[in-house]
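Below: a set of structures, written as structure tokens.
Same chain, two partners: chain A is paired with chain B first, then with chain C.
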Partner chain A sequence: MRIDHARLFALIKKETLQIIRDPSSIAIAIGLPVVLLFIFGYGVSLDAKHVPVGVVADNPGAETADFVSGLRQSEYFEPIGFGSMAEAQEALMKGDVNSVIWMKSDFGRKIRGNGASIGVFVNGVDANTARLIEGYLTGVWGQWLKRRAVMSFGTDAGQGAVLESRIWFNPDVRSRNYLVPGLIAVIMTLTGALLTAMVVAREWERGTMEALMSTPVTIGEILAGKVIPYFVLGMGGMGLSVVMAVYLFNVPFHGSYIVLFIASSLYLLAALGMGLLISTFARSQFVAGQVAIIATYLPAFILSGFIFDIRSMPLPIRILTHVIPARYFVSILQTVFSAGDVYPVILSNTMALIVIASFFMGIVAIKSKKRLR
Partner chain B sequence: MFGRVLALVIKEFLALLRDKQGRFVLIGPPVIQLIVFGYAATFDLKDVPYVVYDEDRSLASRELLARFSGSKAFEKVADVLDEGSIGPMIDNEKALLAIHIERNFERDLIQGRHAAVQVIIDGRNSNTAMLSLNYVNEIVERFNEDLSRRYGIRGAPARLDIRAWFNPNLESRWFIVPGIVGLLTLVVTLIVTALSIAREREAGTFDQLLVTPLSPFEILLGKIIPGMIIGLLEASFIIIVTVYWFGIPLRGSILALYLGLALFILSAIGVGLMISSFAVTQQQGLLGAFLFLVPAVTLSGFATPIANMPVIVQRLTLINPFRYFLVVAREVFLEGAGAGLLVNQYWPMAVIGAVSLSTAAWMFRRRMY
Partner chain C sequence: MPSSRPDRASDEGPSCAVSARRLNKTFIAGGRSIKAVDDLSVDIKPRAITGLVGPDGAGKTTFMRMILGLLAPDGGEITVFGRDVADDSGEVQANAGYMPQRFGLYEDLSVLENMELYGDLKGLSRDMRKARYEGLFKMSGLAPFTLRLAGRLSGGMKQKLGLICTLLSSPRLLVLDEPTVGVDPLSRRELWAIVDHMVEREEMTVILSTAYLDEAERCSDVILMHEGRLIRQAGPKDFTDMVAGQSFMVTAPSLGKRALRQRLSGVKGVIDSTIQADGVRLVVQKGMDPAASVPGVCPQASVSPVPARFEDAFVFLVRQKETPVSADSMTHDAGFDVPAASNAANGVIEVDIPAAGCQPEGTPALDDLHDVIVVKGLERWFGGFCAVKKVSFSVKKGEIFGLLGANGAGKSTTFRMLCGLLPPSGGHLEVAAEDLRNAPARARAKIGYMAQKFSLYVNLTVAQNLEFFAGAYNLKGIQKKERIDWALREFELEPYKDTTSNDLPLGYKQRLALAAALMHGPQILFLDEPTSGVDPIARREFWTRINVLAESGVTVLVTTHFMEEAEYCDRLVIMAQGEVLAMGVPDELKARYLPDVPHVTMEDVFISILEGRGA
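So, the complex of A and B:
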């Protein structure tokens, strides 16, 4: 493929003018990242805080009040007292509380004999939140036990093994810290694949593609003329997203910008490759848009590890995720943001991105040549 | 009037099902999404890779570790012999967590001293980190309980006795899949209706419709009925797959579910027609539908709870019909609710439907004069 610089420059200029003049391209490349980051950054969180819990103490006393005060001190719970179990159950059914804690009438007596039990009923419909509530509650309970032990024995030792946990990279366990970086991959998929597929399809629909082909430009120049302007546009959206993530959502960034730049460029090339590939067979904007959403946007959303952890998926789906380029990019993003430049992770994922990007670009080059004949 | 509307409905179906593309949009994406979502969208952990650094190598430490290797949630990837090897394993994502049992663990345990089990967790995905920490906690709790029973060590004065209602094994699939019923119904209904008027405008047939004796109300009805039929059929198909393929229990009244479904589809049609009446081309219609769908799905409680959102965003979700239907679907499927408990979900959907349909009708009329 020979590339003539003057002709390529002319094509890039034409494409750039089109981008600037058509508000919908700017909307997808710049507007969409901002809107999506706002919606997700503020709207999507898996951290349950101030969860309303019903508390029923059949025989209120110092012991039960002590436990409830432990709940009240935790930022995770908002205890609400109920007079009877029946009332609390009704509130649980109505969804006014997420769980009910029940201390039976013999709680105060049995606690001295080490045989008291605290009944907890969690609404399990939202299984993830239910599990988190269980965990927070176990934490509150453990703290309360420690406090009691220190008060009555002067030490908290001797209650069996004590768990000391440390959470690396994200000590506040803020879900935003991994959701926002992952979202960048989703946004770049939209600009890279959806925008490119639609733009090329538009040239076919309007008949300007045939006009281009009748000129002396080579297919390599046409492809480069598409890739370069949208690459610049996509990287602009990327830069904007990173700035918003770091300065607006306060997501810590521990890696280096050069690593982020290289990985993003590779992913953007892969996404552009997918978009161009879609446009080689989808010649109408409607079909191109539909296919791009189903083949690139949804997988980037669901199968990339952005929200749903890949490790939790069944084996066939886990294997399937290996052909989704977003998977590798999400892994790099989450590592670069929260852990820093961990080269084994970055190198293996970057290699995968190089393979996928060159695969898509190669197919596009071959397919496009055939179309010309 | 009935005959005229019927003719319009038939014409609408022919327009939708005639070409391959139209049929594909109705059948292809929903089936793919149902399968992928149903299997991939889960927060449940299994086979969490972990490394062990056991300095004690005693009976007690081995017993505690045996509980981890016996659990389905965990999968041991390595034993390491020094603390320095733990860091790289976690950094490189070879292991999600590390369990470190210090020397003299057994001795401290029996003598009632501070017997620590250190756990280091990769927090890159904070949700996974919290969940696996909970699992670890559970295992250590149970270990302590058995220990105190066996050796008469002073146990905890009170135990937590946790039971989950409606979803005893806390499977997140039970939470996600009933939501997919609403998600796919919303997507299909919206795309069908959002493109319907724009397509007629592009083809110029909308002007032809306007010069027929059909009243705007009849035109609207002719657009609502096909959307309703397609939405109900699509939803019924997904409900059948949900119950018979994914094995999600349907405990409540089917009538309550379908009442919610009908109101939900009506509101989705209203939004779709509203978008359509503003759009001049199909592309604008598609873009409008997409711009409505993304926030509507994200801010509905479909994957992440509304209660976790900031208060302002929570208020914003009140105009989102999907939010109400999700409650209906989950309460009917899992909590066995009847129509009586769901009135507060029904009426907002009815209001949203009425407002959006009136807007669409008003736009029709405005374009006509």
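So, the complex of A and C:
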């Protein structure tokens, strides 16, 4: 494709002026990312912390008090005492507590013997949180038993093998540490696909595309005149997101910026390709926006592994995720942030991004004609 | 590809700028194929203005796009200055300037930035720019506004900016698609001055399409198209010569213009009748002498021959081609090949439009009636922008009241306030004796509103649309059925009952929209740009219906940017930039502003008012 530099520069200048003057471009490119970052950085947390737990001890004594103080020490629980199971059940129904621990009247006697148990009731409406609470409670219970054994026998040998877990890559187990990097993929989809598809559709709607096409510009110049400014804008949004993630939300960054830059560029090209492809058939802003949201933004949100783990999806959906470019980018982002430059992961995903970006850009180059319909 | 290419550009030489041979283009829309351009062969003269005229959907825009290589023809070939557009569209575009219908301006770029953009895209060299900009700014009067955003310009200024952007590189070929639609008459005049200048000084070839037929008379050559086909290509004088001696002006001061037209259109041999200036203009069949037959219907009328206009020829030729809509709408006169127009178009409509809630009365003098709309000091602000400034007028019952002005004059804003769709920022408003601020719903039940672009549900059929609007106006049971039947019958929509309204011809969409607005028999009818984009023939028919409505006691408020339609109004206001510049009866306004000119048109009055203000 023939590119004349003076004409290309004129188109880029025009596009830049439009971006600066149009409040809706700024809102999509800068405003929305900041809002999303704040929501996911501060608001949304998939962790269970300071969960209110009802505690019922039928026969309070030294042992029950000791276990409750063990619970209190854990940052995950906020124990609240109840006089009877009936009261605790009512609190569970009202939602005041998420679970109830019941230590029956023979708890003290049995624990001094060898077969004590506690009753645990968990509100299962939110399955995710319920499973977390269940796991954490089991952990606290195990630790307390171990500590008692050490104290009474000077060794834990009598308890047999005990699970010692270490969490790698995100030792604090903060969901923010993997949500915020994944969010960068969503944000770049907004600028690359949604905004680009809409601005091209706007040119069709307002009749400016027809005027442009009647001048000697080539279709290559028109495409490059869209890709370049929105590439810069998208990379700017990426930079802003990374800075906010690292300095505002204290998300650890273990990889190299050069890897991040290359991967982001490739993903942004793929997103721009999708946006321009949408604009080859969607000639009104409304249609372009709807198609872009359904075909690019929602998949980047739901099917990329950003929030929901791909491995736990049903097989057909899992296969579908392979055609979602955001999947590969989210995987690179989470690796680069939390684990560092793990080249086997980065290389395979980068290859996938190269293939997808060339595929979309290739189709756009073939489908775009300097013709009206 | 065709193996042989007859009459290549070489043997036409420089005698022809654009040459089209057997051009075809078909579009598929909603499962139906539409022949936009059908076997079109024309040659366009260089260094002259060629006008492209024809009713809506004639294929004018499609043809222009094909000249510029923006659309590929399905068949046939087209050359521009000897180059085949299909092979060499880049070269053709480098030598051409094109202004599409919406001017192709970037509204969030300033005037100068738009100029720079198109200058860069057309490869205008840096050192030439300054002089060229200066010349164009001077010619267009845009010099004081170079830093203003294009979106903030008035319609007339946008149009001039669009034009000078296409003129930047001194193209050999200038293609303008309806450059003057919706623009005030003064700006139209200025645009023509620029185009004339370009043809003279820079030897440009200009092709322009237009909906204003008086503009066709300013072209040196006219191509008349209808449904994709060429009807006739000739100089405008040849067109008017064709109908020479067939145009007459009939005046009867004792009878109203509308009533006179109603009577005259029934006369056998009358092809077309329109209200103009102080009388009714007739186009009759060749050889007919209206001086002999008019006194039969109206003894006091005086008949005088007038020179033929382009519009007469247009109506004559297009009616010849028009396919009949329904069998009884065509009358064949033996021995003559021009069918008389459909009855409605020609002014004969036997209608009973029961204006529910209106007492039936004759047509008493207007002064006897009370005001149904009172507007005092009406204002509307949008942020810091004043769209309507202290507007005051009143409308009497059964009157046709016009709001005239260019796009952006504040007509539609005033309208929306009158219909209770937009709260006024200040002033007093009374519609059908209801204060709109306190009882908008009660007032709305008495009004019918036909919005710009007709506001129909395009995916519903004609019958479904009527059904919906009847329901929306709370009609039920037998009453609802009666009104729908009435609408189908009176507006001749019966054959189209099950057609999706999107597929209707524009003139029928307009009828349907009018029918929908009349479902509940309103006392007041608001029509916002009802004739915009509709061809002259459908416009005539529309006005005939409106006249009948007014005669039956319905008050009609109408906005329009077609100045000649002012002649159909009993009284009117002329608006510009949110203000009322003049108000009165058309003849009075003419007498007040241009007392010494015979047969003055409303457009002349408008221009003289605008110029008077500018001076």
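Definition applied: the second predicted complex is superposed on the first by the 368 of 373 C-alpha atoms of A that agree within 3 Å, B and C clash if a C-alpha of one lies under 4 Å from a C-alpha of the other, contacts with A are read in each partner's own complex, and residues count from 1 in each chain.
We take it that contacts are C-beta pairs under 8 Å (C-beta built on N, C-alpha and C of every residue); 3 or more make two chains touch, one makes a residue touch a chain.
Note that the coordinates shown come from a computational prediction; the quantities given were computed from them, not determined experimentally.
Superimposing the complexes on chain A yields a three-chain arrangement in which chain B and chain C clash.
With both structures placed on the common chain, the touch criterion links A:R72 to neither chain B nor chain C.
Touch criterion met: A:D22 reaches chain C, while chain B stays clear of it. In the superposition on chain A, A:R109 makes contact with neither chain B nor chain C. Residue contacts after overlaying the shared chain place A:T129 against chain B, while chain C stays out of touching range. Once the two complexes are overlaid on the shared chain, A:P216 sits against chain C while remaining clear of chain B. Between chain B and chain C, the partner in contact with more residues of chain A is B.
When both complexes are overlaid on chain A, the residue A:I317 reaches chain B alone and has no touch with chain C. Contacts of A:R206 after superposition on the shared chain: chain C is touched, whereas chain B is not. Annotation: chain C segment clashing with chain B after superposition, chosen from 73-81, 235-243, 415-423 or 541-549, is 415-423.
The residues of chain A shared by its contacts with chain B and with chain C come to none at all. Chain A contributes residues 4, 6-7, 9-11, 13-14, 17-18, 21-22, 206-208, 210-218, 370-373 to its touches with chain C in the complex. Across the interface of their complex, chain A is touched by residues 21, 25, 28-29, 32-33, 36-37, 39-49, 64, 88, 90-93, 96, 105, 108-109, 112-131, 133-134, 136-138, 140-141, 143-145, 147-148, 153-168, 170-172, 174-175, 282-283, 286-287, 290, 294-295, 298-299, 303-305, 307-310, 313, 327, 330-331, 334-335, 341 of chain B. Listed in rising order, the residues of chain C touching chain A in the complex are 65, 68, 70-72, 89-90, 93-94, 96-109, 113, 116-118, 120-123, 149, 165, 175. Chain A meets chain B in the complex at residues 24, 36, 39-40, 42-49, 51, 67, 92-95, 107, 110-112, 114, 116-132, 134-135, 137-139, 141-142, 145, 148, 156-171, 173-175, 177-178, 285-287, 289-290, 293-294, 298, 302-303, 305, 307-309, 311-314, 316-317, 331, 334-335, 338-339, 342, 344-345.
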